[in-house]
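Take a look at these structures.
Each of the two complexes below includes chain A, the first together with chain B, the second together with chain C.
Showing the complex of A and B:
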């Protein structure tokens, strides 16, 4: 047989194992739009070149992304590769969620732009390959600024009526860092300790405050406001990242340029740099193929597709020689910005710092504290968060306490049996007898019991158990009562600070009481109005009034936040129209709290209305008619006939409504965000912050959850006793 | 009862004020949905300057419909499972006195008090062990158990208020407890069932954190997961999100429209006189 005849056979044999062992590389990412499209193109191209390998792309919501990685990878349910920003690498490496790649050679490293490989290293190990570099730059309107300003003085010469020269999210540490760096400050020192109290940092914040006072940058500016001003021609320039291009209205003439130099220091505004890397997950099922695909993504060919289709500022040097990429003016500006950037530190210290820094910025910019004091407080707060965990505890005392409780419970049961039945044996016999007669009831309850026990009470017990541990970077240490003592004795600050447990408890109680009062009052009133069967368009009213319950609360809560905006909000618009002064809603506790309550009342009254409608239907019409015939007025009928019948039927909804409101964190997050200075936080929003934004202190968050549970359980036990008495 | 004209006008006026206040914030959502832009609308006026269906066209991909089907399936199953489990449980709790009854009621109430902040990881591990991860059935079970306590309390309260005579008549006629439950108690409780149905449906319909955690493939995601995808690390596609929110609200309103007429008079006059 000739070699040529054999060739197909050989090819078949060579291809066989690949076909037989079709490998799937699972890739998780949170990309959207163009970046997602580019990734899909590269995956399909790779599959075509590597028969037998399937690339399974899973796009996840950013909000659930980190948490999902953290839950799935340790159980072996995670991806082979995931794409993420580098700044959380330290925590992931320590928790064992990522696998080191082994090192790249000097040649390979040289294939990437400067600053893009180092951030993907932690403790000397390289964990990912760089894909994109994200930093801020200057978007400017060419109709207001003829050319890109070289210095801030040049930028601030824009003096047209009603136009601010620059807009950006002033209270965000991520944006403010550009100024901090231009004044010679840093977020963390070489030992990753906070150093915001240093004179450079103070000067940077004072400079920004001065700009705001001179109206060169707008007050209370969020990215949303900056986008709005830019689109309306009321801001000449915006400091923002590549993602901002999607928010610019069609037809707005703009260009992108590197950020200008700060005239006062001669140094450029240097934004923080985020590297998006592709990481090899721990417990990957096909690590070899995964790594190969990761290399393909980071290769020049891969980078060209990501730059052309994905509009990504790619880290691969050679891709920038591509003629098509060369034509992208925006991309080139972002690339030029890379000459003056500061890569974000990738340890947990930074993720613990955001909230305190943000608080300091807000305090200073709304004039509540001078920069030096606000920043010194931020340092203290960060240090408190970095404090060593409570000392490891011994578990013996806990076993003893638990046994003592069990023993006490058993004794209590025996005593009760003695009292009711004259002994344990007769009591057991009575219970068995009663249980036998109610066999049907047990059968009916069994499915609900099993489901609740398994899916509610088991996770609940495990969650409560976590409160005795300290969690850091995926490792748990038993600390006994340590977390509880820290919380109850306010070891993070003093009792009067808005972050203390006791202060937050008072706010939470007020929050719950006021909300439930309004929910019930409005719900009952509307249901009573809507009860009349002869009312025209009754069905229409009912459907329109449940809309707040039907629309996803994420967007409506943020709409409410927008309505409370000082400058553009509808509420201040109405106030001004009525001749009142506009209000800075989130600058004071009372108004910020009122804004939260207004939003939550709006979100929650439809539920109470529907429940009341259900309860009202129980009232026999004859009863009311009889009362009417007896000469009772409408109000008397309501007070003495309707409400006494309706309220007991609504009691479960009111009790549960109160419990849910006590634990309603998303309105606090989305509307006031805890402002001012964390004063409007409630207990459960604190628990969420400890779990997710303050260094994943799950043990501490669990201790908060246990305390919340105990408070609610105690309250319900007390009410029951009062009712029974 | 006859109503005076002035009274009718006053009621309509009050309801119209309530409707305006209720819908005012929603107008911004509609504005963002119909404006072909992805920026958040921050302006005193809730009227769109340009109206276009572009956002709706862009989000209604084949995957969107697949996920909408998942969502409908999950929410419908949660409604059915939730009501089935809680109606039987509520009936037993209302009609029988047995050892463990008080404990059950207290347990159901306590189950609502522990914040979910640290329970999702144990729940994830549990579903993994049960092999329910990445199955819509797992999601249905989790959502149904979250809605059971409220539904049970609501239905139990209603059952408590029903006259016993009708059920006793069924029993005297040789019917079983099940007959009494199915033929008398359930039909009379239509208003409470309507309320619990809406509640169960919405518990499942708008949840995204657990759905994103438990599901591993885009084609098995529910709609809220997809909606949350428009919210990014740095920027949010508000036009898409708002359009999605509008579409997501429509089935809820349709369901309410269908349930609404059951919210009136479960008790007919004949039943009460007994």
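Showing the complex of A and C:
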């Protein structure tokens, strides 16, 4: 083919990306089901009206959504538009993940319902267009409540029928906010600082505690529990958001209504408002087309589709005049709720506050502390959270030390080369020769090396490097040893606090020791019992006893958590049946720790049992016969012959078990969740919280991880030395 | 030291589909105080099972075991006061030699001073003094064997049991250890029950031998007696190297090999290799044996001090023992005669039939 014929082809191939991209608008979202359908309809409609533009919709899993945005956009791999709730706008704006839309005229703003545009502003700039408004409302069963209750007193009269009047996730700050606002409290004050200790907030929490004691709201309720109670007719009403409709069983008669007024204050329950907006991402490749599509989504037509098909509570005023939309009673109820909502503050200060607020709620609701004190403690904690970062360090000393090490390493290599091969060049030649002969072997090993490098060494190096930095809102500052010093010297808290490294270390060591002890004791005992070759159904027992190990650990952890539930759990059920008092398992350290240990022991003993069985099978029968003839009783045989021969064989297993238990995140996180108040956290779960729930303090968490690694490396080295002794 | 009486001992093993294997039939043996009884027989004959029943490691289905007159059949091994030396020595790998020796005494809570004394004695007796601080993994096979014996000796039990202790050793070591065992027995004067499949060991070590086959007791007696007067064909064949020549009586008569009159019940004729005379047709004794049947020499095994000549008489194979120098060559034709006093007669069931043997006629 001649060059001339190829040229247009080449030009096309080279220009294709530019050509293709100029007309593709990538939109990321976390919609499902109906909402996703509505979005798809609007995308296709837009494409039909704008030939040459393709809308590429990408549905992301909800949990990873924020993280993906954070990581992809700065690299230029992000979308043009993304649909998200407004509360993270502040952090995202600071991190440079979004682009301001430019000014929106007063007319345009008037097209939306009140309160829906402001939350999408930050620092005076508008970053997104409002699509939907989400808030809580009241779902009530029409067979238990004749009409929508207007006051809480009215709602609570239903108790006479023997059902729980109102069910919702009681210990969640998000849900509790409705009560907070009804009592005149706020999550953040005008300066965006938490003010939880205010009298109004205290009164709100005390009121809710009183409700719980009178059994007007359930104890320790999760959303799942609330749904179950509602579906079974054991709860008359549930306070929840529009997503709850999907959890109601068919056949349950219900209606949606705005939340009632609190009889004590006369103010309506005012939940937090979340505005779902469409944002223009930074580094969007097709900003003009993207903005146009965004406008289309927020337009009246777009809103009508979203309201009809997606069942969203849309922010566009005119859409509510549509006759089809008017027919949706649920939607109208949510719309009515919008008259008494409080927009959620959209900055970093709130995301740091969730955990302490929840902790205060839980403490108060289980009666461990009076509301005033719990909230005051939470305030103090949040202030600690908003901790100033460690002072930036100088990277020069570190660079020097690193170079010194590298230099020393190089010198050592050269010296060795001199010794074994008489020089660097001959050494390199020898290595090349060996590599050539062993080509096949290296090729076979290469995939494993590459995998190890990518999955183990590189992340490890990156993590270790990260520990020398401080991260805030997407900016990294070098702080040298700052993070380590903060952790080890407990610079932002005191040593006795459950949040401190040392406290957590003690808990972790105790956790590991106790668990391994039980694992080995139970595993060895069972192995000795199963050893008898004439035991009937021996095979069956072995299979049954392996099952705990075979079931994925998080399923086990969740199951056990359910069993330890104070009100509805199986364990308390058995205790009550035996005549004992039900135990509030997660209210005290000792019982929460015991619950964790019970779960982990159940998970871990089969491993030790199997290893012991293997070790036992290697002991010749004659050894025990000789011991029997020598005069040893069964117990003496066990102590002097069997165990001394089995335990050394089990040492590797015990070391492994110790390391796994030390890092057993699943059980701690899912069973006790660190309750009470973070007292049962172990090092690895504490690190997780620092990284992901306390304002993305990645550097701090990385330092934690490095410390955990050093501890375990030390333990392994010590065990190896003892083994060789 | 004590007597051991095995009274009508039997053991059944449940087999497939309800069939029952008699691992041990009805066995009765009385072992005198200080006697070394060897249980010998081919593999699967039940000798190890019998030994383990005496030890208490297996439970017999029938019968009793009495040690020093006391019925121990229902006692645990640890209460029977016997010591056992295993084929694989069964030394405790995690203990030193000293600790191995002391183990039994420690289990019975013996005083430390007494333990010291006895361990020292046993070590001296078996030449283990230099090895006391070593672990079994650092010992040779022979050393381990001695430690195993030492462990038994230290306990001063009523009886010693040996389960093929020399089988794992090489030939020369086996010879040495055999002698050491005999010395030990002489020194201790202990009652010992010894199991082996090697009839040479049995012949050299035993005060008495008990031959077992398929769970049945074939014969019990002193080695000489078993050699000279085997009670049945099995014992006759099992004891003695090379194996006794067994010829069906009618074939022997037909070939003219029988120099004496045989009883009517005779079915098999046995003669050991040394009872077969081989002569050249042209030798000085030609007249005496010219009437004897002819045989072809098949193979000659030269042992240095003697030769084993394998002969073929028609279709009958016979092995003869001759002096090295007088051995014929393969292919030679020779005359064969059987010495009358060396004959053993067995009936159709394989049992010995007594023979009136006339004094050997001198020519």
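In this section, the second predicted complex is superposed on the first by the 504 of 725 C-alpha atoms of A that agree within 3 Å, B and C clash if a C-alpha of one lies under 4 Å from a C-alpha of the other, contacts with A are read in each partner's own complex, and residues count from 1 in each chain.
One rule holds for everything that comes next: a residue touches a chain if its C-beta (ideal position, glycine included) is under 8 Å from a C-beta of that chain, and two chains touch if they have at least 3 such contacts.
Computed from a predicted model, the values in this text were never measured in an experiment.
*Asks:* Under the stated touch criterion, which partner chain does A:644 make contact with: chain B (first), chain C (second), both, or neither?
*Replies:* Once the two structures are laid over each other on A, A:644 reaches chain C alone.
*Asks:* Now for A:636: first (chain B), second (chain C), both, or neither, which partner does it touch?
*Replies:* The second partner, chain C, only.
*Asks:* Identify which of chain B and chain C touches the larger number of residues of chain A.
*Replies:* Partner with more touched residues of chain A: B.
*Asks:* Looking at A:693 after the superposition, I want to know if it touches chain B, chain C, both of them or none. Which is it: first, second, both, neither?
*Replies:* After superposition on chain A, A:693 lies in contact with neither partner.
*Asks:* Touching A:463, do we find chain B (first), chain C (second), both, or neither?
*Replies:* After superposing on A, A:463 lies in contact with chain B but is clear of chain C.
*Asks:* So, does A:652 touch the first partner chain B, the second partner chain C, both, or neither?
*Replies:* The answer is first: A:652 touches chain B but not chain C.
*Asks:* Which holds for A:620: it touches chain B only (first), chain C only (second), both, or neither?
*Replies:* The answer is both, since A:620 touches chain B and chain C.
*Asks:* After superposition on the shared chain, which partner residues are touched by A:628: those of chain B (first), chain C (second), both, or neither?
*Replies:* After superposing on A, A:628 lies in contact with both chain B and chain C.
*Asks:* Which residues of chain A are in contact with chain B in one complex and with chain C in the other?
*Replies:* Touching chain B and chain C on chain A: residues 620, 622, 625, 628, 648.
*Asks:* In the complex formed with chain C, which residues of chain A make contact?
*Replies:* 620, 622-623, 625-633, 636, 640-641, 644-645, 648
*Asks:* Per the contact definition, I'd like the list of chain B residues that touch chain A in the complex.
*Replies:* Of all residues in chain B, those touching chain A are 1, 3, 8, 11-12, 14-15, 18-19, 21-26, 28-29, 36-44, 46, 85-86, 88-89, 91-93, 95-101, 104, 107-126, 128, 133, 141-142, 144-146, 148-150, 152-154, 156-158, 161, 177, 191-192, 194-195, 198-199, 202, 206, 208-209, 212-213, 216-218, 224-225, 227-235, 237, 241-242, 245-246, 248-249, 252-253, 256-257, 260-261, 263-267, 269, 272.
*Asks:* Using the touch rule from the top, collect the residues of chain C that touch chain A in their complex.
*Replies:* 55-57, 76-78, 82-84, 86, 88, 90, 92-94, 103-104, 107-108, 151, 155
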